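Below you'll find the structure I mean.
Lettered A, B and C in written order, each chain numbered from 1.
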């Protein structure tokens, strides 16, 4: 037997064991799911969604919820960007200077913020901020700040340091160095990160409401709970449209930015 | 002749005192000595030119003098204060009186000339005015007056990346005229300028510095210009001081020696037979 | 020009803040502050009694199991979809442009994958919970469906960008499509395919925790319960376990991908 292949073979066996253990311990009843009776029941359930509620009054409520979700995603992303840029100042390591005292704690903070999913943040924040879109906005802001923190710090460290060093020689504080030397060079790149992340955040904002953080998610949970599946279908449709719209907008803005240079 | 307004009337130029400065850098094959036992004492308001071949250590010397780079050994005193002994706050305070113009103009490409020049004024603007100047530039008059002698007043609202190399270099130098600095350290300020403009700019910088009483250190590789505009020349050769005297007293042999540098300067010690 | 951006920005900020009911000062009101303070105080020390820890360990395993089973199900969906949708195995395009019917079929399959992907997995989980009941089955199916779409799309792209010369030669000489795939495309694309799959498995672990918040079992469901009971210590322990789990999965996935190179 070819000894070089052992790691691969062992890995394969371990994976097989993992997969088998997963299915066995979960008690999934997949076979009962595929029984004709349950398939028929699922079919009936699915059919209820094929008649979405499109009455003007309801569509109006949908539009308002969609606007709330959109606002949540925009505000959350913007707050995250500002927060991350501010916290990044101590977190980035600049050539020729000893690493700042706060670099490790700042990096740790970003990792923690990023590791906890938006939905988990939202459910934690509900205690402090109550039901409604504010919890969702803050949850998005916190999680995204972690994501941006790492991206921005790397961007700051890799930016050409000439202008920044010239301002530091004159004894300016780091925040002004950031605004006058680093951001003007990195502006388009950071904006493109932010726009790209907005696409992810609109999806997150749409579903955060399911735990009570407002917007389309809250509407969905509400109507599903009342078994009003027609209306639930409309909400899902609105979610898909909203996500598609934001994807388009983000792409369009990024393309105009590229063409400007 | 009225000159550009100043942010703060400098009390006097800052004095510079460098003693036994040494700097080396690790490279493949051993450590390379960039500067070795360099002493340099400059009185307030004095104007000196630092000359030498490329790689002689001129840039490193200026950076060390500006507190931007810390020498491996030796002392730096600015205005009589031992710079690196000061607490961080003290160092920031002293830094506000410095101005260093690197060889490559430190201008963000997409920034407008007005903001790029104004950035040099930040130490005297304070945080909030500095913040608001991003959108509504403060002291526009001072910026215009600084660009005027360089012939760039009409380009004040243009983007830096629309300027030619020579124009960018001049903008980098115009920053000195708005900075609240008491010492100017200019690294190869004429590198991107043609000889005629170069001489004009040099003359302008010297006269402005003299008018304000600002101490001036300029590194040049154009020996002739240095001889004509400065009364004290400091020669650097392979990281060591070759001479420090008035231009008339420097002989032709010293000049040739300055630019005739053996390869791999400084590596000889670790490389045995070079 | 600067004026316009500034005014526009300010003009948009006000409605953003009001639509999201963004009023952070409300969190500092006595009642709210009291509740948050008590909740936060409960976080330290994290709960460590053995009965609870066993529960958490089981929850963590369940999460891994849900992620693994979900990914395997996704494979069952993604592999056939990708094989059929990939243009590299097209027989009609061997001699010029693809014929219209195969093209339409391929586009249709692509559309199906997009549809699976666009509906957020949390929404799938919400719906499935009502069909199959609370518990891991809903989570596994939700992950299976959405990830089936995601994996299918990326697999198809990988197959199309791989060098298809060997595969096309086999097809031209009359071999079946499956054989062309296993002997022509798979050797080329195997590394990339497995690398992406492992990455997606890691994402699935995070997803399955999030899905737990709507009743799909695992660590997420336990966390949801603990938050609703304001049991800060338990939430803290579970957060730590979650972060460790994700970090472990991240490390494992990186190691696996290296072994497979």
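Note that in this section a residue touches a chain if its C-beta (ideal position, glycine included) is under 8 Å from a C-beta of that chain, and two chains touch if they have at least 3 such contacts.
Fair warning: this is a prediction, and the values are worked out from it, not measured in the lab.
Using the average of C-alpha coordinates as each chain's centre, B ends up farthest from chain A. A count of C-beta contacts for the chain pairs A-B and A-C puts A-C on top.
Closest to the protein's overall CA centre, chain by chain, comes A.
Separating the CA-averaged centres of chain B and chain C is a span of 55 Å. Rounded to a whole number, the gap between the C-alpha centres of chain A and chain B is 47 angstrom.
For the pair chain A and chain C, the distance between C-alpha centroids works out to 12 Å.
Chain A contributes residues 96, 162-173, 175-176, 179-181, 184-185, 187-188 to its touches with chain B in the complex. Chain B meets chain A in the complex at residues 66-69, 91-96, 98-102, 104, 106-111, 115, 119-120, 122-123, 127, 130-131, 134, 179, 181.
Contact residues on chain C toward chain A in their complex (touch as defined above): 15-17, 19-24, 26-27, 32, 35-36, 39, 61-62, 64-66, 68-69, 72, 118-120, 122-123, 126-127, 130-132, 136-137, 140, 206, 209-210, 213-214, 220, 223-224, 227, 230, 235, 239, 242-243, 246-247, 256, 259-260. Of all the residues in chain A, the ones that touch chain C in their complex are 7-8, 11, 18-19, 21-23, 25-30, 33, 41-42, 45, 67-68, 71-72, 74-75, 112, 115-117, 119-120, 123-124, 126-130, 132-134, 136-138, 203, 206-207, 210-211, 214, 220-221, 224, 236, 239-240, 243-244.
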